[in-house]
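Mind looking over this structure? Questions follow.
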Amino acid sequence: MVCVCLVFGSWTLVFLINTTMISLTHEPIDYHSLTEAVRSPQSGAVVLFLGTVRELTAGRQTVALDYEGYPEMARAKLEELEQAARSRWPIDKVAIVHRLGHLELGDISVAVAVSCPHRKQAFEAGQFLIDELKVSVPIWKRENWADGSTEWVHPGGEMTKGEIDGAKG
Amino acid sequence: MVCVCLVFGSWTLVFLINTTMISLTHEPIDYHSLTEAVRSPQSGAVVLFLGTVRELTAGRQTVALDYEGYPEMARAKLEELEQAARSRWPIDKVAIVHRLGHLELGDISVAVAVSCPHRKQAFEAGQFLIDELKVSVPIWKRENWADGSTEWVHPGGEMTKGEIDGAKG
Amino acid sequence: MKSLSVKLFAKARDLVGSPTVELPWSDGETVAALKQRLSEQCPDLKPLVPRLLVAVNNNYAADDCVLKTTDEVACFPPVSGG
Amino acid sequence: MKSLSVKLFAKARDLVGSPTVELPWSDGETVAALKQRLSEQCPDLKPLVPRLLVAVNNNYAADDCVLKTTDEVACFPPVSGG
């Protein structure tokens, strides 16, 4: 929160501005800086979530993921999520960064850091932010399977044969 | 998890050992190393919790905290907590460090890092570990209030006047 | 006739083979019309159309939302970030 | 008579003014007896005794737990780490 005061003669206008720390990047995520950015003496609790590229998904072996985003809308949706979280929990600071491009096994795809006065708030807010990010922020991943094939991931699963045949017919 | 194999002629004994990463320290907590230690390609989710020294507690101003521990028992209880968490969630790796000694405002008193295949597990396990740590691990904090007074914190609050008078009588 | 420029992402872009598609457009037409038009103009996209999400000026839009040619419009499959 | 060495921590140690206290002890006596003995031998600790936790060999012990002089015994207030 930043406090901006404009003084006009005997009038003072005070603006409280939530500093947003939301970004998309093609570089490796520096979660240490991200976490430092949300620490503050007003907050006794910091929760950091990292999403990393997992080797096995439903038994199939991943070798890499490619992430694509719709950047302007993704940033707008992340800012909305931050506001939604702030309306539910007494959040001090939030920082969210999502990586785009080619990620190898173990790489960090997303980091969410949040600070609150108390730990329960920080856990709830952090989980809310990553849960909602995954359903509303326009970013997509493409699996690079160990057998050399690639596949866009989108909830609801692959198209059924009927849908594909329907399109051809 | 470390796999140790002992081969005796045609017999092989296999031990699966959970590597514990539990410590107490008088130095500033390096949560970056702690977090790196739990990352792995088997786990898609890492949750890190940091407890930091907060300026205001129930409206009173803190300038510093002193933490004291019963180190052997604290380590034993933390290892029990790790096992309890592992029995409830499919945890990959856990790292916990608690700082002892004199901490200033904003300093990190405790860090808990946990990795799991999926995020819900990691959030639940992380919250369980810090919740239980606060009720069962023998560590105590002493407030250094802004007015120069100090006070040991123990749940259940300060002794009542009756208790103190009773002791004197 | 005016045209509506539609951004495509992820599998939608791959199926069409282009990051944008231009559709003939009359003011007053809706998101539902957009989906119908996409199915006709881009047959390879047809199987994905029932699942496509449509965003207008960075907000998700329902089927009855009216689109103007000055809107920023995007179509994409359910998101899978994180 | 043998003696039991009891470690003290936090406010308990401050009130007694020492990190350990030696209590006369007979094998077979319990945690309840320990608390009674502490109240008598360390009057300054008495107001805290009802809230004291007792640990034996790194485990919390109930009032009926029997203590041997070879046990590692500790007394302390409710914990407040984190």
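Note that the chains are named A, B, C and D in the order they appear, and that numbering of residues resets to 1 at the start of each chain.
Throughout what follows, contacts are C-beta pairs under 8 Å (C-beta built on N, C-alpha and C of every residue); 3 or more make two chains touch, one makes a residue touch a chain.
Keep in mind that what you see is a predicted model, and the values were worked out from it rather than measured.
Asks: What's the fewest number of moves from subunit B to subunit C, given that each move must go to a chain touching the current one?
Replies: Shortest path length, in steps: 2.
Asks: Could you give the fewest steps needed to travel from subunit A to subunit B through chains in contact?
Replies: Shortest path length, in steps: 1.
Asks: Quick check for the class: compute each chain's Cα centroid; which one is farthest from the centroid of subunit C?
Replies: D
Asks: So what's the Cα centroid distance for subunit A and subunit C, whole Å?
Replies: 25
Asks: Could you grab the centroid distance between subunit C and subunit D? Build each centroid from C-alpha atoms only and quote it in angstrom.
Replies: Chain centroid spacing, subunit C to subunit D, equals 73 Å.
Asks: Distance between subunit A and subunit D based on Cα centroids, please, to the nearest Å.
Replies: Chain centroid spacing, subunit A to subunit D, equals 50 Å.
Asks: Which positions in subunit B are in touch with at least two other chains?
Replies: Answer for subunit B, listing residues that touch two or more other chains: 51, 130.
Asks: Which residues belonging to subunit C are in contact with no fewer than two other chains?
Replies: Within subunit C, no residue touches at least two other chains.
Asks: Applying that definition of touch, give me each pair of chains that meets it.
Replies: By the stated definition, chains touch in these pairs: A-B, A-C, B-D.
Asks: Going by the contact rule at the top, pick out the subunit A residues touching subunit C in the complex.
Replies: Residues in contact with subunit C: 51, 67-70, 72-74, 76-77, 98, 109-110, 130, 133-142, 152-156, 159, 163-164, 166-167.
Asks: In the complex, go through subunit B and note every residue touching subunit A.
Replies: 31-32, 35, 39-56, 105-106, 117, 119-120, 122-123, 126-127, 130-131
Asks: Mind pulling up the subunit D residues that touch subunit B in the complex?
Replies: Those residues of subunit D that touch subunit B are 7, 9-11, 14, 43-44, 46-48, 50-51, 53, 55, 58-60, 74, 76-82.
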